[in-house]
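Okay, got some structures for you below.
After this come two complexes, each holding chain A, first together with chain B and then together with chain C.
Our next item is the complex of A and B:
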């Protein structure tokens, strides 16, 4: 499990956009525009086209998302099994960290 | 449509393989969402990242070979200049020897290991093993010998041109050596890069997967 965590961290400056993309694709395939809309609703962040496709390039290269046959010029992507595992691990980690943080705040 | 036109120009900043894979999608996204100034800047930044974070194997290979050739060739050229060409010809002007071209490549050659180290540092985050294998493949070796010979001959030629210039015009010997050496470096790197480009195998994989 540690390895999966490190892999997502390895994306460096793309790790946060990549996480948002994985979360966006968790409920079904989306193309670039739908992802940016969804991510803006979920996180309040608007990913620029360079950041979005920079992260997509790396997620696709690692096999965490995959493209579906193109509808027109807009190519939808979906989460792969490996992507689901990475996302689940990251969310579990975040949940554990958030729980500890909340506990410490309550104790203070 | 104006946004798409601007985006199309900005996407040209990206590496070719990346464009082939993602250009249409980026333009479709811009068509729907528009292109604010910060989005345009984001595209420019993205292009810089694509070139820097994932330099193409072609570029790394070319840089690797050029650096090795430059470092080795400089050493040999320096040795030839010091031991074969210089003493019998210009021993009468020992004061000029320290600035003659054979010394210059040897000094610049010291930069070789630095460039090589930086290239390898970058490569270890990417396709170093594959790049290294390609660098020592037969075509790479052929390039090596061609450029090794060219550098050695070039160094000796520059030395003689410098000497003739010095004797004929009275100009300081180094005045011809420096621009000649710079032109030599640029030519070497340019042609080596083109050779690397020519020998690069086409890939249908995604840019990231191509690593």
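Our next item is the complex of A and C:
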């Protein structure tokens, strides 16, 4: 389990955009523009086109997302099984950290 | 759907052409579709230019010898930014000092001690570039350690550029004070050389702090980077 977490962290400056993309794809395939809109709604962050495709390149390279055939120029992507596992592990970690933080705030 | 045309959209489309060919072969069409869909402007354009630099660095780093990958990628990514910032700051600093501290007799000088002329101007630029190169070496070593360990640096190269600026200001003040206090003429060349050691250590500390790495992170990455690749592969 620890190894999966480290893998996402290893994306360095792309780890946060990568996490947002994985979350965006969690409810189904999306193409680039749909991802940027969804990410803006979910997190309030506006990913630039270079940042988005920088992260997509790395996520695809690691086999965490995969392209689907497209009929026009907009190519949709979907999560792979490995991507789902990485995302789930990361969300579990974040949930645990948030729980501890909230608990400590309540105790203070 | 965003409005069609516009200078920024054209620039953004042009920026996609600056990506490496292999990358464009795979992502060009969908990236251009994204650009056509989204609002154009200076920020997404700048984002594309930076991302293009990163992809070039990544591509060239991969095609070169494995152990140089991190170095070449880091250098290509940062060198232009750092050199430009250093030269600009050198000019600004020299100009401001000359205005604030004019020498007697109408000659411009720094603190009334160092005459400001083309010769000292060149020294400032030279100093800026030397510091830029030294800082770059530290940053490149860290980048190499990260990438050899299969990771990427934690922070943007633009962050390193900002750190360089503050480092340059501090070092310039230090050197100006040394000139004003006339320390240099009393020192041998060897002493001056050894006097640079604290500067290197300072540069290394600032670089590591800017990267957000802890000492343990760096040790772990260095250990991984020194592990022969064959052992890393067999382990994975």
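By definition in this document, the second predicted complex is superposed on the first by the 108 of 108 C-alpha atoms of A that agree within 3 Å, B and C clash if a C-alpha of one lies under 4 Å from a C-alpha of the other, contacts with A are read in each partner's own complex, and residues count from 1 in each chain.
The definition used in the following text is that a residue touches a chain if its C-beta (ideal position, glycine included) is under 8 Å from a C-beta of that chain, and two chains touch if they have at least 3 such contacts.
Just so it is clear, the model here is predicted, and its values are computed rather than measured.
Engineer: Sticking to the clash and touch definitions up top, decide whether chain B and chain C on chain A clash or fit.
Structural biologist: They clash: once the shared chain is superposed, the two partners overlap in space.
Engineer: Which partner does A:72 reach: the first (chain B), the second (chain C), both, or neither?
Structural biologist: A:72: touches chain B and chain C.
Engineer: Does chain B (first) or chain C (second) touch A:62, or do both, or does neither?
Structural biologist: first
Engineer: Should A:51 be classified as contacting the first partner (chain B), the second (chain C), both, or neither?
Structural biologist: It touches chain B and chain C both.
Engineer: In the superposed model, identify the part of chain B that clashes with chain C, out of 113-121, 167-175 or 185-193.
Structural biologist: 113-121
Engineer: Indicate the residue numbers of chain A shared between its chain B interface and its chain C interface, in ascending order.
Structural biologist: Residues 12-13, 31-33, 36, 48-54, 56-57, 72-75, which sit in both footprints.
Engineer: What part of chain C is in contact with chain A in the complex they form?
Structural biologist: Where chain C meets chain A, its residues are 12, 23, 27, 29-35, 37-38, 43-44, 47-52, 54-55, 146, 150-156.
Engineer: Which chain A residues qualify as touching chain B in the complex?
Structural biologist: 12-13, 31-33, 36, 48-54, 56-58, 60-62, 72-75
Engineer: Going by the contact rule at the top, pick out the chain B residues touching chain A in the complex.
Structural biologist: 7, 18, 21-22, 24-30, 32-33, 35, 38-39, 41-47, 49-50, 53, 206-209, 211
Engineer: Under the stated contact criterion, what part of chain A meets chain C in this complex?
Structural biologist: Interface residues on the chain A side: 9-14, 31-33, 36, 48-54, 56-57, 70, 72-75.
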